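Let me begin by handing over the structure; questions about it come next.
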Amino acid sequence: MFSFELLFEAVVFGLLVGCFYAAISLGLSIAFGLLDVPHIAHAAFLVLAAYMTFLLGSYGLDPLVAAVLIVIPFFFFGVLVYRFYYEAFEKRGADAGVRGIAFFFGIAFLVQVFLSMKFGLDQRTVSAPYIGRSLELGDMRIPWRLIVVLCVAIALTVGLKLYLSKTFQGRAIRAVAQDAWALRIVGANPVLTKQWAFGIATAAAAIGGALLIIVSPVEPSLDRVYIGRTFCVVVLAGLGSMSGTLVAGLILGVIESLVLTMFGASWAPAVAYGLLLLVLAIRPQGLFRQ
Amino acid sequence: MKRGTIPFWVFAALLPAAAYGLPILGMNEYYFYISYIVLQYVVLATAWNILGGYAGYVNFGTGAFFGAGAYAALVVMLLFEAPLVVQIAVAALVGALMGLGAGLLTLRLKGIFFSIATIAVAIIIETFVLNWRFVGGATGVQIIRGPVTYGFETHTRMLFFVMSVLAVASLVIARYIETSWLGRGLQALRDAEVAAECSGVPTLRLKLIACAVSGALMAAAGAPLPLYSSFVEPHSVFSLNYSVMALSMAVIGGMARWWGPALGAVLIASSQQFAAFASPEFHLLIVGLLLIFVVIAAPGGLVGVIQWVGNWRVSRKEINRSASVVK
Amino acid sequence: MTNVSKRTFLHGMGLGLGALVLPQRVWSQESPIKVGTSMALSGPLASGGRQSQLALQMWAEDVNARGGLLGRKVEIVAYDDQGSPSQSPGIFSKLVDLDKVDLLIAPYGTVPAAAIMPFAKERRLLMIGHIGYQINSKAKHDMWFNNSPWSDAESWVGGFFRLGKSAGVKKVAFLASDQEFAQNILAGAKSLAKSAGFESVYEQSYPPSTVDFSAMIRAIRAAAPDMVFVGSYPADSTAIIRAVNEIGVGPNVKLFGGAMVGLQYASIMQSLGSQLNGVVNYTTYVPEKTMAFPGIKDFLDRFAKRAPAANVETLGYYVAPFAYASAQILERAVTATKSLKHDVLADYLRKNEISTLVGPIRWGADGEWANPRVVMVQFRDIKDGDLEQFRQEGKQVILEPQQFKTGNLIPFQQARRK
Amino acid sequence: MSALLEVKNVTKRFFGFTALGDVNVTIQAGDRIGLIGPNGSGKTTLINCVSGVFKPEVGTIRFLGDDISSLAPHRRAKKGLARTFQIPRPFSSMSVEDNLMVPLEYVVHDLIDLTNETAVYDEARELLRRVRLDDRKGAFANDLSQVELRKLELARAIAARPQLLICDEAMAGLATKEVNEILDILLDLNASGITIVMVEHIMQAVMRFSKRIICLSAGRVISDGAPAEVMAHPDVRRAYLGS
């Protein structure tokens, strides 16, 4: 039952799921990778965005349209959360450390409780023309929803990469990641820059959340499945690299898919997280960071 | 002798004695069940704090250590019909080795990288247990409890006594670490790791000790679980909930002192038992809000609040000490 | 926890007495009869737990409206166990030792229920099981009466493999979640397939955190089975059905499904809609004419009205009737023996058949149903986005067992083409 | 007698970028040395290699004749090698006094009686007096001003009773008066027998302090000798003035 063809398809599906992993990790790549904020709540934000997409979807909106609509409120939500974090921790100068992690932990906690109170514990899905259908290429069938994810992931990666390298604001964000002091000399306010960047990160999480509910059903506690995966991708990528995030997502997706096809799905998590541990132990700066 | 040493040891001796004596006073069986859970969280939160509070390394793998302890106990129970004391010892050993291993692999990582690594370790361990048919794999194992240990009327009372001993042991250890050279070194490395290292603190060794001790206590807390619930199954045992709870309890209780996590554990775990019938979600909501409030507004947790209230005593003592030094 | 609402109460005592009489005075001076239980009211199992809570509450109201049990008011005492085996022992001790409840219903679900068996056995407590699988097989408690329409794995998925056999299946593929219940069923299913002489061409256990099933479904298609057995949990069930629609499982497949938890839930059935067509899956109750047990229609209608306020699904076919029936079992035994003594009640239940909302029940070995009746239904003519269609007959056609049968198997691929 | 510190052929690279290339430095006991060089010339990297925070790929570091290249920083601290940090890194949750307790407990615990609390605190206060911070002994590190933080760094470093003290820009960002105060402290410390290497950008301070100056540029020692000699060196002038 093992064939070259099957292996090839496993790689293809791995790449598609990998795109999904990358897309949901981009926001974290900014928040944690560039801004050094211990954003444990990122996965919870994804689930929150997935539910908002569901909410708009129940009015008949396509999830992708809904994603575009929630980007703005999520941006401001992110700005707000960062401001709060800044006032409470960074402003006092001291390294937030354990308390910073606990803060975002608490935020994730509250998001989860809020979702289960508001939407109940049943899992939620959306419907769209591209969900439940597939593209047939000869004998091979590729779900349209994964193709949609592929396109969004690439567009988001390219968009963020261009934004960070070509615009003044984007370059300021990258500068603040390296040296807040140097940024001040150039005349930009590091706090406002970080605040803006965190807004962008949260907006990216909003799009990731829409993809989340396009790919699979969501429930309030789903963030626990994705905390590890998103951090895994960001660390593999090397902090703050957008194209690295895409490649890292693909690597994770393909490895999971290959392990699943060759050794059984039970072992897939161990292998993926084993890889993460290995990277952390040997090359903590990530695979794609100079 | 530091202030409070004698009351502490009196308390440490009295708690297990009371745990043994209470049934004779005719206390309702139910309280032993919930007290067991509360004390289990006292151990978990205290253990978490040794690494998280003192050394500043946030461990998200509490459930993995706890679960490994439960499964280690289960294995020696199934293989050798070992008594509970042996089960706990084996579990603690496994937990310590796991802590050492995880520490060696991850402790060179700073801050949140370490936390991510602990998530990874937790998932890998859970995956191994899931695929380990001897302990039932994903289906879990039902245990048939033997006769009750001599000297106890029910399993629950015995387990409650055992857990109270574990709780006291964890508090004694935490208190020792806090007040000894270990505590100051951990505190220094938490504040500024490189500076601590350059001031002569063997940071890696200290962190490994903290990791091993913390892991051993967490695993020991899990060891009596197979007997308590008589059914062990990976998903509930390795639950991330244990990490969530241990962290919340330690942070809310106060990470700076050994009794902070215990205080947090007693408050949160017992209120959880009482909220079980009212609104469990409401309880979670309160815990979440409290967590955020504490990290922002009261970084010392409940301990900090209590110390702030009793501040005048401290300052008076401070004055006395300077006065005596002047003499 | 259940308080009798004023309206029900007035209804119960006859509206004529009017409002001058204070409610408390109607009941005898004796304290109410308390029925204690626990269920997941939070956490992943909470959906079924909350339905159970509502159903028990409705039972208490019904009984009180009829004048109570042995002339005493009944009261439900239910706690949240989060579906966790570390919570349930404490809760049951509280129920027995502190709340002094008179009667007990076991926690909802296998895992939390298994954890209270030693307690129940040591204390000699009568326990009505509520949706659990093989809980008493090791504990052997002789006062355990499970109220779930299955006993062993054979009773659960035997029908599925009988259907396969008569459809001429040779090759079977297995896909199951790496979790407690699914693995138990998978083990049973594999031995059934073996004894039926089927060849296993594919077997995969996947972890609960699996994101996408495309690769697995593709592998199944490559293995070209005649039937696919799936043991899955709600979140995966949706994803699997979706992937099957996208990728396809191959032209030979005659049966797909078996033990997919979640395809009985209203929200999932509604969201999957037409993608369900052709799937054959186990369930406990469907509104087909062969299952029109006395009282069940009325119960479900009333349940549908109460459900929105309780934030649970309105269909309530899968769990709610069994929760109500569990309480009915206690009610029947108490009424017949006029006793609240657990051994007396247990003795009565051992010897008698009890008629309930979910049909007549008699208990056999290990306190499981003597005549298990898991129904295998095939989804047919399902349209998208319509929840109410599931109340109609013919949407979930019963293929097995024979006594409830309302139709014949249409091979999976054929059923989907329609 | 062998040199106090001997850095031999030390090379340190970061991801392909050579931060230190074949550096050789020898320091004699009792000396006062200024280590200068433009930003990014490798000064802090050299300090980190000597104190053990970084491990160089090539080369050896000898201290009092022993090869310490593979020792962890805390082992080097015990041998008598202390340093301060460019950005002060106090133990911020401790009081000023308790900050000093860390090296006292971990480095010199066999020289003092730790069970005698009064004696230990006396020792701490003596250290604070030497850096002129004794009036702030009870304060928390978080509440200190910049200059006080620098003094705390010095006090913590000398608490370990070092033979060699390396100060990484102990005066950066301070006012002239404060610079002079720190300089006086350093001169006092040197007078009490501690060899001091001072990394500094403030040239007057370097000139006033140093008996010898080492200049790094792009990871290499470009000049090493008496202050006037080094400052006159064409390479140094080029590195500094860009001409």
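Chains: A, B, C and D, in written order; residue numbering restarts at 1 for each.
The rule is short, and it goes like this: contacts are C-beta pairs under 8 Å (C-beta built on N, C-alpha and C of every residue); 3 or more make two chains touch, one makes a residue touch a chain.
This structure is a prediction, so every number in the text was calculated from the model and none was measured.
Show me the overlap between the contact partners of subunit A and those of subunit C.
B
Would you mind checking which chain's C-alpha centre is most distant from the centre of subunit D?
Farthest by centroid: C.
Could you grab the centroid distance between subunit B and subunit C? Build each centroid from C-alpha atoms only and quote it in angstrom.
The mean C-alpha positions of subunit B and subunit C differ by 38 Å.
Using the average of all C-alpha atoms in each chain as its centre, how far is it in Å between subunit C and subunit D?
73
Report the inter-centroid distance (CA atoms only) between subunit A and subunit B in whole Å.
32
Between subunit A and subunit D, what distance separates the C-alpha centroids? Give it in angstrom.
Going by mean C-alpha positions, subunit A sits 43 Å from subunit D.
Which residues does subunit C have that touch at least 2 chains other than itself?
In subunit C, residues 42, 178, 205, 207 touch at least two other chains, as defined above.
Could you tell me which residues belong to subunit A and also touch two or more other chains?
Those would be 116, 266, 269.
On subunit D, where are the residues touching two or more other chains?
92
Which residues, counting only subunit B, touch subunit D once they are in their complex?
Touch residues, subunit B against subunit D: 181, 184-185, 187-188, 190-192, 194-204, 256, 318, 325.
Using the touch definition from the top, list the residues of subunit A that touch subunit C in their complex.
1, 3, 5-6, 9-10, 13-14, 16-17, 20, 116, 120-125, 127, 131-134, 141-146, 215-217, 219, 221, 225, 257, 260-261, 264-266, 268-269
Any idea which subunit B residues touch subunit C in the complex?
28-30, 32-34, 36-37, 127, 130, 137-140, 142, 144-145, 154-156, 225, 228-233, 235-236, 239, 273, 276-277, 280-281, 284
Touching subunit B in the complex: which residues of subunit A?
Touching subunit B from subunit A are residues 32, 38, 40, 88, 97-103, 105-107, 109-110, 113, 116-117, 224, 227-228, 231-232, 235, 266-267, 269-270, 273-274, 276-277, 280-281, 284.
Can you check the complex and tell me which residues of subunit D touch subunit B?
51-53, 72-74, 77-78, 82-83, 85, 89-94, 98, 101-103, 105-107, 109, 118, 121, 138, 156-157, 159-160
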